[in-house]
Amino acid sequence: MDTRLLLGPTLVVSAILFVLGVAGVLVRRNAIVVFMCVELMLNAVNLTFIAFAQLHGVSGQIMVFFVMTVAAAEAAVGLAIILAIFRHTQSVDLAHINLLKG
Amino acid sequence: MNVTAVVFYVFAAWAVASALLCITRSNALTSALWLVSTMFALAAIFVILNAQFIAAIQVLVYAGAVMVLFLFVIMLLNLEVVPHDWKRWPVWMLGLGLAAVLGATLLPLRNYTSDRLAREISNLPGAVNSNLVFPREDSALAVAQGAVGHIAQPLFQAYLIPFEITSVLLLVAVIGAVVLAKRKL
Amino acid sequence: MGIDLSSPGGATLALLPEILLTFWALVVLLFVAWRHRDGYDMRTAGALSLLGYISAVAATGWLAWRGAHADGLSFMIALDGFRFASDALLLWIAGAVTILSVRWLIRQGILAPEYYPLLMLATVGMMLLAGAADLITLFLGLEVMSISVYILAGFDRTRRASAEAALKYFLIGAFASGFLLYGIALTYGATGQFNFGLIGAQFAATPPTLMAKLGMGMILIGFAFKVAAVPFHAWAPDVYEGAPTPITAFMASGIKAAAFLALARVLSEVFPAMVELWRPVVFGLAVVTILIGNLSALSQTSMKRMLAYSAIAHAGYLFLALWAHSDEGTAAVLVYLLAYSITTIAAFGILASIERAGARTVLLTDLEGLFAVRPFASMGLSVCMLSLLGFPGTFGFIGKWFLLSAALHQGQTVLPVIAMVGSAISIGYYLPVVLAMTLKPTRTRQAHQTIRFPRPARIAVAICIFAILLLGVWPNTVLNFATQKAVQLRQSALPLGNR
Amino acid sequence: MADFLSSIGYEHWVIHVLLGLPILAIPAILFSPVKSARYIAFGVALTELVVGIGLWWAYDSSRSGMQFVTDISWVQGFGIGYRVGIDGLSVLMVLLSVIMLPLVVWSSWRGIDQKQRGFYALIMALNTGMLGVFVATDLFLFYMFWEMLLIPMYFMIGIWGSANRLYAATKFVIYTFVGSFMMLVAIIWMVAVVAKTTGVTSFAYSNLLDHAELLRPWGAWLFTAFALAFAVKVPLFPFHTWLPDAHTEAPTAGSVDLAVILLKMGTYGFLRFAIPFFPMFALSKTTGMVMATLAVIGIIYAALVAMVQPDLKRLIAYSSVSHLGFVMLGIWGSTVESVQGAIMVMVSHGLSTGALFFMIGMLYERRHTRKITDYGGLARITPMLATAFVITAFSSIGLPGLNGFVGEFLVLIGSFGRYPWLVGAASTVVVFSAGYMLWSTQRVFFNRLTNPLNEGIGDLNLRELAVIVPLIVAMIWVGLYPAPLLKRTSGAAHAYIEMIQPVLPKPALADPEVHR
Amino acid sequence: MIQLVWLAVLFPLLGAVINAALAFRRPMAKTAVSIVGVGVMAAAFAVALAVFRELQQSPVASYSVVLWHWMPVTDRLSIDLAFQVDHLSSVMLLVITGVGGLIHLFSVGYMRSDPGYARYFAYLNLFIVFMLVLVLGASLPVSFIGWEGVGLCSYLLIGFWYEVDANSNAGKKAFLANRIGDFGVLIAMFLIWWSLGTLDFTGIMMQGGAHWSRGSTMPLLVALFLFLGCTGKSAQIPLYVWLPDAMAGPTPVSALIHAATMVTAGVFLVVRTAAVFTLAPVALEVVAVVGALTAFFAATIGLRQYDIKKVLAYSTVSQLGYMFLGVGTTAFASGIFHLITHAFFKALLFLGAGSVIHAMHHALHHAHSHADPQDMRNMGGLRRAMPWTFALMGIATLAIAGVPPFAGFFSKDEILGAAFARGSEHPIYYVCWALGLAAALMTAFYMSRLVAMTFFGKYRGGEKSAEHLHEAPWVMTGPLVILAILTIGGGLINLPHFAGGSSWLEHWLAPVVQVAMMMVTPTPEIPSGMETTLIALAIVAAVTGLVGGYVLTTRSSIVTPEHAPEERGIWSLLYHKYYVDEVYHRLIVDPTMWLSRRALWQTVDAFLIDRIGVGGTARLAEGLGWLGSRLQNGQVAFYVTMFAVGAVLILRTLVR
């Protein structure tokens, strides 16, 4: 079939995944899980890019490529930061990471 | 409804279900594994949507390398599994509620078809055939579009600048990881 | 000098400042890899990176002098006066922060010279962000900048606060990146383009669609996070407080500047046709940001935190200029950012030298009686506070006047009034600083006497203070320059007929 | 004299010298030896006086409009210029400022015994600011001077003030700043509106005045913004509570400058800007009634409150509120008589309240207290001080033949036609003012000398006499022969009334002209 | 000479300045002070005489002497510092410089030993300056300089011995009461200018007649406000309370200011603005009634005072009431006549009392007694020690009591006659006449009581002090003699027809009140039989009072103040002056202070504006700021929630 006809459903799946990622960030307290939820959001956006790339040409796919690179870089740095904070607090529970406030 | 669509919907359901489990599992490890599952499902959808190369690196780099990093860190930290604190249900309600409102805002995107998008872009009245607006290659080419060469050429020509920027980005990540993870400064 | 951006040679030429800066970053990195033992190495690395900034400034100046412009479409990166002005602004901020950092890092015992290449790469990211002519460049520039700054915020990771700042900034930043990226995706979907000019032309030709609106909204959200607009601001005070002080200065001035410059470019090149749609959003952001920023600053005791809230409030003021969506508004963004960055860097420079090794953050009460022991430092900080307040005779006033003028010339009266209400509130937290330093008796005389004000920082701060006062009464050059650059920004968007 | 002055090109440089000299003196003072700071300051002050006093002759009272005009573009392309000039509304204020300067410096000779350099530098800065406000004919320049004044005053109160100085200094700055922040928006908005129609962006006073008609749709808002700034400075009831604190805590020089010059800036602002720009709104029946009522409430209210003040400076501060109420009443009386009267009250309030603050400062230097109950019976041991104080007190309460009466009388008689009831109410203040002034004078200088600490108080020395006597001479002179002053303000007052005449509602009482 | 009338002002001004300078530099140079102080008065009197002579021969009745432009504001309001020399001011000029000069002379002796001698003369000279400006002023504002100026000098002189709190208080009280009146004058000026466009006296007279109709509101308002000023300055009900207290000043001051000159300024002002009053018949009635009431009321208080100066003070209030009764019945000349004769005899009485006090003071001082030298209960039998003073005061007593042929008889009789005559127009005047007659009876009574207590009986001041009593020196008695001659012969200047005179003063003043008199019906003629009866009644009242006062006083046993029993009943009421001071204090002073302190200062200023208004705003901002920083709870979850809320809001705004 013409997979272009799947544009609407793809966008919806992407939106649902994005929203699930947002929900995860909002409700989870484990820093690693929160970060994974952010990754979920990025994945959702990638799906959107792929869906549009069918219509607009290859640039969408190239963007996804870049996004993955960014995600990898973020993962490296992010996990390093989480490691750093873990060394201080022995926890990655965000509820306990509130030295700075007010 | 043909087979492609059926397959698409199956993988879509798989992706959503895995994502839902990813955000609800109390064990970080389980969550990570469900995220990997989501990524696999997405890779399948990418293939359906003619992005084979991206699908490949989705599996190799994303689900493979990046998520392994996650798992590795989770294991490294040796976190004890904290079951969900049910006293936090208002936070869940609020978070899910907000997400639902956000989802409701995004939901109208479901009405997009290629024809509608074509109409909106071309700004022509009446029904517009998307094939006129979005040049349609033959099916073989469409398949080839997602192939490596098809991506590589613009990547190293038109998208040279962003490509080089990613190298800077990775450099930053390397320095960052080193600086932050070093035992002692 | 027309440059064909689609050719590799043209791209190299157009990106000369960024390339030079990256090159120098690699040089510093190599040097660091070779020697990273003591303070001497730290200083050398700092000096080397300053050379990098100077060469980048020179390259920018050369491009501007040659009147570099794109042959045809601005591809990936913009080539106009506004970009050069932005680059100059960002480079000066980074250079000043480098000068402030040198001794500070040594005194705080942070002997990790990787700091400098990171700062330089962050600057590269900022320049790419501010100079992007393409959503891909924009996103990548933003990420280069953000990831560098995540690391820099947590650079003093032996301190829990610093690590915590990095984590908070990182998590919320990545979250915001997701929104920005979704916005880019939807905008791409709605137009099929990543290039600013082409998207702008597309939007000019069609009425705004649902997808375009959602895309624009998501992009605005991403930027609102970066400039710390309420309610996307919550990370800012915590991160500003936890980060190393020079990095706080860098964030408060540099990141804000880069994000605002990019936002100005995006709003005038990508979304000019949707001005009536985004104006209410900008309006609302301005109102809550000004009011909440200023009010929250009232109850702060930590100087860094107070300045963080003040930075939030200033972002609110800057929205006035964006709302205006005119040449004057764009010029006002430039002028205000310059005024704000000079003032902020001078203020943080003074605060950084008051901080003692490993001590907690400087509180308002720590400043009491400073004038008696360190008259020039406290006079300088007073001038900074007055400039932030927008007091006549300082550059801050010129900036504020220009902002108000831009908004009022577009018939907007409510925002200027709210901005001035905010200013009136702000006197409630700027004045106590002056009061504490000059009028309160000292309680920590000994402590004040141990303050060491390193010479490079002293010179940099003195130049800043002088500039604040001089530009406060003689702003002609800056105003005309900014106006000229704003016109160039409009003209670079003009050929595609999207105004 | 006028010929001589014009032969030396006086009109071309006088304002620049007046504004620039103190600024140039600041580094000289700051980097001089501590001992010579006050001499430099005094020298500069005398030079200012000598230069400034020439205005008395050089000012051509037969011409209305600005004189000594300078118009130099400053921020090109943005309509901002270094535009200065003097007319009948400002000439007396400028003269008052330059006359007060040497007296202020001299009165601080002994009282300021710490951080002298900073003090005199601030006085110089203050002087430039004050003069700048009165001579600026560019609204941008005006706003800059207006706000910049706060800084020297803030530090003067905050560093050399008495016990509660931090509170007072902060209150002063916050009040004034909060009052005037809307003015900036109003000024820019006006320029924007005018520029939209005429295409000329200019902050020049004349430019905005010529196109005041364009501002009419926003008159109410713009006037309110201006009025808020000026009303706080005046200070108009109920924005007055900063004044007693600021006056009380400030050192003598600060109190004097505050009373003599700073308070006049508010009323000057009304006359110069707020009313001419938006006459339709400012002079409408309702606004006029509101402003005049507030003025009269201020007059009586402050006099009553002054009566029960235990602190001398506080008492005088409240009396200032009362006097400035007369100025406001006169301004809204909107007759040549009342406006002339308002300007005269501004001048005479400067003379008498200035002198009162000087003398309280002298007392304070001797006894370090301002509480009335700490004194009593001083007339026997300090007859000259007592005499000077009594004369000044009577000048302050408007005894005919002294300066106070001329202004008050003209204000009241000029405003009576428009606001007969309010003027009637305001006139009752002659009783209350006598009440607070005489009662306090009595408790300080008369009655039995009961406090042994007061025995050692010495009478005025030569320096102090030199500060006070010129003021007293001026009081008597202005009281008996105010014609030269009136002549100098006459042109401006007439021009002002002519300008607002078309929008003026008819007064309640018939115009006296009809019987002529 | 008329154009040089300003010399009359200048001389005392010079005197004041020189004496003030001496007071600072050479406070002990008493000779110089005396020469200057008295000399300038002599010079001024000479000028006054010359002016008077010239005016007599001049065909023009009124001159205006412009000195300089005072307030040239507009064409409408251009006030000159100008003097008006006419028949009224020339007479006043003579009285002021003449009586004033005598009192200056008396003061040389009386104040001899005072350390503030030079200061005293400076004040006194300054007072003359202002008084002359008052009567010479050609316009209301110029007169107002004098009007307030005399108030100032009165304030200074009442509080001359400022080290006694009561004296300072009295001075302040006097000035405040006067200021209440001045308020009236101010309002009157405003009304006049806005309805007539002039403030010159001649202008008011002419324009008033032209533009105001008789009985209309405007002249009534003007007249009443002017009269409010007069009640203040001339100590009429309700503002008379300051005058008795004013006796705290040196006695010559009481004679000059609080008897002969300043307090009569109100009468003068009514005559000056007579045209306004005659245009407002109601105002005239008010003036007459207030005058009559004051005359009666003050006389009753005078009955039971023991302080010799207090008696005279209430007597002054009472006599001033007479004058207002006179001008209130449009008998302007009679009012001025009584003013002049009163100046003579009251000055004489005060100076006489001054001599007595002077003597008593010395005597008690030498005896180291702390008894009050002014209390008549400490006196008695002084006629032996001070025969001159006794005789001269006796003459004055007869004059004030209205015994013919002394001056007071004629002036008082004319006023009563005029009141009775007006009674046919309005019965209220009969009441006024009756009150006046009763007051005359009481006047005679308390005056003879005064003389009896002071000079008759036996000395009650103690043995030791008795031997130190002696007559005053010639510089003091000399002026008394001259005043006594004037008291005896003063009646001649307006001797009525029935006594063979020609009513000179009435004719002389006719041009002044000419315009005013055209506005009223002429005073109805009293049938000659009736006139005789009235005169007889007045004489009977005077004699009855005198005899009664003497008899009752000498018969009763007088005890010294320290042994005095509590006053009872009506006597207590009179002794305490009807408690008017206390009532004023309770009704006016205390509430005003309460209002100022509690309501305005502490409640409105400190609480409402500062605490609630300013402080409240600041606290509100701080509170909001506190709330704002509470949002900053350090929890990432909360931050992202805010983020999400903001995101949702922005998106909903856009896709709405």
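First chain written, first letter: the chains are A, B, C, D and E, and each begins at residue 1.
Note that contacts are C-beta pairs under 8 Å (C-beta built on N, C-alpha and C of every residue); 3 or more make two chains touch, one makes a residue touch a chain.
The structure displayed is predicted, hence computed values, not measured ones.
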| item | value |
| --- | --- |
| Intersection of the contact lists for subunit A and subunit C | B, E |
| Identity of the most central chain, Cα criterion | D |
| Remotest chain, subunit D as reference, centres from CA atoms | B |
| Pair exhibiting more inter-chain C-beta contacts, A-B or C-D | A-B |
| Subunit B and subunit C, separation of their C-alpha mean positions in angstrom | 31 |
| Subunit A and subunit E: spacing of chain centres that average the CA atoms, whole Å | 97 |
| Distance between chain centroids, defined by C-alpha means - subunit D, subunit E (Å) | 37 |
| Rounded Å distance, subunit B centre to subunit D centre (Cα mean) | 72 |
| Sites on subunit B at which at least two other chains make contact | 91, 94-95, 98-99, 102, 105-106, 108-109, 112, 117, 134, 159, 162, 166, 169, 172-173, 176, 180 |
| Residue list for subunit E, restricted to those that touch at least two other chains | 629, 632, 634, 636-637, 640-641, 644-645, 647, 651, 655 |
| Chain-to-chain touches, reported pairwise for every pair that qualifies | A-B, A-C, A-E, B-C, B-E, C-D, C-E, D-E |
| Complex contact set, residues of subunit B against subunit C | 105-106, 108-109, 112, 117, 120-121, 123, 134, 158-162, 165-166, 168-169, 171-173, 175-176, 178-180, 185 |
| Subunit E residues touching subunit C - in the complex, by the definition given at the top | 618, 621-622, 624-629, 631-632, 634, 636, 638-640, 642-643, 645-647, 649-651, 653-655 |
| Subunit D-facing residues of subunit C, complex | 386, 391-393, 397, 401, 404-405, 408-409, 413, 416-417, 420-421, 423-424, 427-428, 431, 435, 438-440, 475-476, 479-480, 483 |
| List of subunit C residues in touch with subunit A within their complex | 136, 139-140, 143, 147, 150-151, 154, 157, 160-161, 163-168, 170-171, 174-175, 177-178, 181-182, 184-186, 188-189, 192-194, 237-239, 241-242, 300, 305 |
| Subunit A - residues contacting subunit C, complex | 11, 18, 21-22, 25, 31, 34-35, 38, 41-42, 44-45, 48-49, 51-52, 55-57, 59-60, 62-63, 66-67, 70, 73-74, 77-78, 81-82, 84-85, 87-89, 94, 97, 99-102 |
